[in-house]
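A quick write-up on the structure given underneath.
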Amino acid sequence: MSFYDLIWLVPLFPLAGALINGLVTHQLGLKKSVANIVALIGSGLALIWGWAAVLQWYFTEDHTVSYVVKVFSWISGGDLPLLSGGTAPLEVAASYQVDPTSAVMVCFVTLVGFLIHLYSVGYMHSESDKAYSRYFSYLNLFMFAMLTLVLGSNLLVLFVGWEGVGLCSYLLIGFYYEKEWCASAGMKAFIVNRIGDFGFLLAIFFTFGWFGTLEFSELFAVLSQHHGDALVGAATIIGVLLFIGAIGKSAQIPLFVWLPDAMAGPTPVSALIHAATMVTAGVYMVARCNFFYQLSPNAMLVVAVIGGVTAIFAATIGLTQNDIKKVLAYSTVSQLGYMFLAAGVGAYIAAIFHVVTHAFFKACLFLGSGSVIHACGGEQDMRKMGGLKKYMPKTYWTFLIATIAIAGIPPLAGFVSKDAILAKAFEAGYTDLNGFGGAYYGLWILGLCGAALTAFYMFRLVFMTFDGAFRGGEEAEHHLHESPWTMTLPLQVLAFGSVIGGLLIGFPGILFHKENWNFIEGFMGPMILGAHGHGAAHAGGHAVSFGLEWALVGLSVTVAAAGILVAYRWYKTDPEFSIPNAMAERFPFAYKLLLNKYWVDELYDATIIRGTIGLARFCWEFDARVVDGVVNGTRHVTVGTSFLSGIFDLKVIDGIVNLIGTINQTASRYFRRLQVGFTQGYAMVMVFGAALLLAVFFISF
Amino acid sequence: MITATHYLALSLVMFTLGLIGVMVRRNFITVLMSLELIFNAVNLNLIAFSFRLGDLSGQILAIFVITVAAAEAAIGLGLIIALTRLKDTVILDDANEMRS
Amino acid sequence: MPLEQFVPFIPEIFLAIASFVLLVGGIGLGRRGMRPLALGAVGSLVVTGILVWLFGRPAGEPEVILGGMLAIDTFAVFFKLLVLASAILTIMLATGFLERFRYGGGEFFALILTATLGMFVMASGVNLVSLYVGLELMALSSYVLVGYCKLEVKSNEGAVKYFVLGAMSSGILLYGISLVYGSLGTLDLMEIKTALVAAPQDNLVLMLGIVLMAFGMLFKVAAVPFHVWSPDAYEGAPTPVTAFISVAPKAAAFAMFLRIFAGAFSPEIDHWRSVIWLAAAMTMIFGNIAALSQDNVKRMLAYSSIAHAGYALMGVVAGTAYGTWSVLMYMLVYTFMNIGAFGLVVLLETRGYAGETVKDWAGLSKKAPAAAAGMLILLLALAGIPPTGGFMSKLYVFAAAINAGYIWLAVIGVLMSAVSLYYYFRIVVQMYLVEGEEAESGAELVRDRWAEGVVLVSVLVVMAIGVYPAPFVGWAQGGLNALGLM
Amino acid sequence: MDFLVSHFAEILFYILAALAVLGSVGVITLKNPVNAALSLLGTFFIVAVLFVLQHAEFLAAVQVMVYAGGIMVLFLFVIMLVSVKGLKTQAAFLSPLVPVAIIGAILVGALITSAVLLGVFATGDGGPEALQMVDGAVLGNTEAVGMVLYTKYLVPFEVVSVVLLVAMIGAIVFGRKDRFIEEQEGEVGS
């Protein structure tokens, strides 16, 4: 037996921790230290076993193919006819797989997960014992679901994890009861994600309906055998439906509204779920299912456009927000947009690469912001911060490193991965990928602008929080303190990762004629279905000349530096922030537009939510009210006939007026009696329903 | 010549009248009577077909329909008694607590 | 008629005798005899189950007994055991409930048993006469059970509506039967199928009879537009009865539905499918959307169970063997998840019979975390989230529909099950996310070991089906060994 | 006269049918429930005669005895029992619904009728003898029905006895004034 044969233990350890904490520690009301030990052992064992399994697998097995570990036969059923002809049995195993994609994900999920467990020990210490054990129970359960998601070897196991992370996310968002909007934030996350789930589930059914299997490796094999256009239509439908699922989970336009609200939860949860892991599940899934997208240029374009537009859209909103976690939330949405942009240009590996580096620096940023909020006694408004540098140096330095990383300054992780994405986007435009070259050029420009904005708002955040003088009042200043080691240690580890992570796993070898130095490209390459069509941007392509590559690097560094410089001028040198204030006054509409997040929430509330509620009310009252409607209808008919007869004799008009009055009175008397549910009204609904069905039957006969 | 269609036409009329009765009468007892009309219409059909087919099973089903109709009448009348005790009414649309 | 033929009929005979004994015992023991009577009822149902297992199973191929009235096949055994399970769970729920609200138990238990007997006949009947009689036995028992709390205005009203509409629908069903009889000259399902296979017909009278019979069956499974009775009957009925009539008669009606439509009328499926397709689509849409705005949990669950009938109807529309056993699977899961959810409603009913709003669930996760977790699992199952049994059952019907080519129906189903989690989640929000004064205002749980046991069993079964469905699928597929089915 | 004799069956049917329809209309239109009940009673008798015409003599007897004798008495009994004050002054119909209900019912009726007119029935060459045959001997309708009922249809027969038991239980459950109710009423009174 080897570690990787028992890969299913990796998710099982946190599950055991969740069950022990939820059923034993919580029910018995044991102390926090017990919950700590259980939770840390659960996630720690997952970390150790996960890394051991991946390393052992890497060195002993052929790591260009998936190593599938079947735990048990989960779903079985007889043969079903397929939409593409033939039959296939609906057989799905509960099975996990180790392959380059899941190996990368498992390594970083367990690492970041463990660090955030550790951080939570310090962060949540003021909660009551019961709430504490419940929190860790949910957190461990989340680890289980997330690991199931990344390790699952078929769409259905992935879906189990997908729903599981969603559930844990709602439970953890609602963990802070004091804030009234927690419940509504949980609800919003929930509703939005259901739209995504709709797409995902349909994609699963269609995948089985066409291909007769849900296993990734089998789908890969089937689709790589494919020649001609026979399956392109199916691939497009499935790809778009899967992407709808990804839009919901990864907070892309138009379903991004839940993520900023989800920041109502505890900060470690924001870091783990809403920055590092769960929200990147959509990117992971698209990269995992690249075989559908590779076949379908249209689906790829959809992914790229949504991703690119989201990247710049969320970045603009981030410019004006004053809540430290909201800025980070919109930054996350924007970065996720970059990942989808990468996937949409066929650079799935760059997307996963950015997932990993983003996990490091964004988790570091969130945990740093948590440390800041902790120190400021729960205050999240940056306008009431400032000068924290001298009170909490460790937090400051790690935060600064992560900011430099996300801003895209070489050679930190964020630069390497983001530059890879932008280069691929440019390449897609340059080589006229799938004939959509113009669109890809446009997206590349959007991405470049987004990079400048990112650098700007992130440094604005740093300067407003850590530089200048403290603006939160005397008393609050008195409480400022550095956080305990359980909180700063994860920060340091993550900051370290943000520095070296990029070059270590994704060295941009193409800039130095050393393509094989790029570990992740070579490692994950076999997981990507060979591109079809001309000029596709596949792994390690040489479409763009050497000089142009360097020019692109220079360009992206320049825009990042420009963003930083503007932030420096506006927020560092001037403690009154007079330039941005003047800008806001000069362009009030643009400022309000951004400050209110383009009023998207309000728009959705006015249209979709109200519409749904109205429809629901209509259906609910249909049974009773339809009868009223019919009654009213007959009244109108009566009135109408009276009117016709009135034409013959104008003198009757008085009479009609009186008649209408009488009818109205009578009708409203009946109306009052009839609008309650009464038996004969129901009988009538049945009879008319029967008439409708009979009519349909005759028509279709 | 009287055919099955004649009987079917008669039973259809009775069936439709029974349906109308269920829908428009307010008195629960009269609604019960309308339901009996529906069952009689069905029996008429069954008997007519039974004769045409020379098959007894139609008559057997009719016997069961009569028996069940009697049982239903008993339960319906019991409900009327309970309704009267509770709300002092036999008007069917007075039973409208729910969703009012 | 040789006496050996009665051997497979022993469970039914035993049920009839047991119900009579319980009735007499109830009169003898009075209200003090609640627990012994309940134990007696549960015991006799368990014995019935054993008798079914001993005598009711087919030796091999399905066979007919007693003049072609009943079939002995695994299909019938599957539904009989399912109905028995729901009857047992209902009695366990009802005992404490009846004690709390001071109603007698003898008649109640006897009626549960007679309803069970009726459903046995519905599950195994292969002649329209026996099916009709079984259906009426079940229906009449249900009417009385719904109105059992006769001092409650709502209970009486629910019974009145259920009764009038039920009688009307059985009139429609009978009219359909009479037309089918008139055009084919037989009431025997096997003979009907033989006749239709031998000479496929497009006789309008026959088709009309089939459609009218479909209306009658759609009423019993509470499908739109014949669902109108169910929200009121479910809300008005005593909650254990609601649990019972929302699952057992629905399962038995689906058994009868499948036996008649997927069996006898299957050669004519192209003629009646459009009607069932439309009814299924309307049922899913209407049930789920109407449930969105319900504040009364019982009413919400009533609309939800309307919607579930719609999902199960997809299997009938598919018209394949796969679709048929997926309906069996669906009913299996649905029975347990619905009884479990209503069991928790029973446990919450501390403020009297009057009704329980969504707000009553506020803060349950702090007061009774185990109960809240149980409800969470059941609600996730009802919404069809993996890895619960609810997901499995939906997976199979959706797969059956899509792979039979009914893609739009499945799209509606998936969309509506996405919508459905929204209203189930309202309860979750109250249980888990509401805090402070609001949470304090929630209802307290009753101490009722039996009802707690029902919930526990339901949760375990639902989870077991979700995590390891293979044996359950095996049973459901075994149910295909049925007389008259394809 | 010849016409009357040769078309006796038709004429009889049409008269009976007209009477049955008249009775049915009476049931759903007469305001006083007692009158409606008597109208229903008349309809039952007409239907019984029609049964005789169709050679279902036993059923005709059952119809008269069970329906006319049993159920109708029950109806009248309950009408008398619950003749609530002011019953007659209240409207007998849900007036606004009458046109709608008639439209709906006629819609259904017309759809059914059109199907019936377009369709065909199984044509048997039955006749009265087939309904009176027991093991090859023509004994009579009652014997034949009894023979089939107690052999082939024994199971539904047994089950229907339980149906009657349930009806009895139901009537008792709904009709009984048990101690608990008296307690309640006492509370209300005091």
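Going in written order, the chains are labelled A, B, C and D, and every chain counts its residues from 1.
Everything that follows uses one rule, which is that a residue touches a chain if its C-beta (ideal position, glycine included) is under 8 Å from a C-beta of that chain, and two chains touch if they have at least 3 such contacts.
What you see is a predicted model; the values in this text were computed from it and never measured.
K.L.:
Is the structure still one piece when subunit A is ignored, or which groups does it split into?
P.N.:
So the chains, subunit A excluded, remain one piece.
K.L.:
Pick the chain whose C-alpha centre of mass, unweighted, sits closest to the average of all protein C-alpha coordinates shown.
P.N.:
Closest chain centre to the overall C-alpha centroid: C.
K.L.:
Tell me which has more C-beta contacts between its two chains, B-C or A-C.
P.N.:
A-C
K.L.:
Between subunit B and subunit C, what's the gap in Å when you average each chain's C-alpha atoms?
P.N.:
About 26 Å, centre to centre.
K.L.:
Can you work out the whole-Å distance between the CA centroids of subunit A and subunit C?
P.N.:
Chain centres of subunit A and subunit C, defined by C-alpha means, are spaced 39 Å apart.
K.L.:
What is the distance, in whole Å, between the centres of subunit A and subunit B, each centre taken as the mean of its C-alpha atoms?
P.N.:
Once rounded, the distance between the two centres reads 59 Å.
K.L.:
Could you work out how far the Cα centre of subunit A sits from that of subunit D, in whole Å?
P.N.:
65
K.L.:
Going by the contact rule already set, what residues in subunit C reach two or more other chains?
P.N.:
Counting only residues that touch two or more other chains, subunit C contributes 129, 132-133, 136, 140, 143-144, 147, 150-151, 160-161, 164, 168, 179, 182, 185, 204, 207-208, 231-232.
K.L.:
At least two other chains touched by the same residue of subunit A: list those residues.
P.N.:
Each of 674, 677, 679-680, 683-684, 687-688, 690, 694 in subunit A touches at least two other chains.
K.L.:
By residue number and range, which residues of subunit B touch two or more other chains?
P.N.:
Answer for subunit B, listing residues that touch two or more other chains: 4, 8, 15, 18-19, 22-26, 31, 48-49, 52-53, 55, 57, 60, 64, 68, 71-72, 75, 79, 82, 85, 92-93, 95-96, 98-99.
K.L.:
Chain adjacency by touch: line, ring, star, complete or other shape?
P.N.:
complete
K.L.:
Using the touch rule from the top, collect the residues of subunit A that touch subunit D in their complex.
P.N.:
Interface residues on the subunit A side: 627, 630-631, 634-635, 667, 670, 674, 680-681, 684, 687-688, 690-691, 694-695, 698.
K.L.:
Any idea which subunit C residues touch subunit A in the complex?
P.N.:
That would be residues 160-161, 164-165, 168-169, 172, 202, 204, 207-208, 211, 215, 219, 224-226, 228-229, 231-232, 271-272, 274-275, 278-279, 286, 289-290, 292-294, 320-322, 325, 366, 369-370, 373, 380, 385-387, 392, 395-396, 398-400, 402-405, 407, 410-411, 414-415, 417-419, 421-422, 425, 428-429, 432-436, 467-470, 473, 477 of subunit C.
K.L.:
For subunit D, which residues count as touching subunit B in their complex?
P.N.:
Against subunit B, subunit D makes touches at 9-10, 13, 17, 20-21, 24-25, 27-28, 33, 36-37, 40, 43-44, 47, 50-51, 54-56, 58-59, 62-63, 66-67, 70-71, 74-75, 78-79, 81-82, 84, 87, 90-94, 97-98, 101-102, 104-106, 108-109, 112-113, 116-117, 121-131, 144-145, 148-149, 153, 156, 160, 163-164, 166-168, 170-175, 177, 181.
K.L.:
Can you list the subunit A residues touching subunit C in their complex?
P.N.:
22, 26-27, 72-83, 90, 130, 134, 156, 159-160, 163, 167, 170-171, 174, 177-178, 182-183, 186-187, 190-191, 194-195, 197-198, 201-202, 205-206, 208-209, 612-613, 615-617, 619-620, 622-623, 677, 679, 682-683, 685-686, 688-690, 692-694, 696-697, 700-701
K.L.:
Could you please specify the touching residues of subunit C with respect to subunit B in the complex?
P.N.:
By the definition above, subunit C touches subunit B via 128-129, 132-133, 136, 140, 143-144, 147, 150-151, 153-154, 156-161, 163-164, 167-168, 171, 174-175, 177-179, 181-182, 185-187, 231-232, 235-236.
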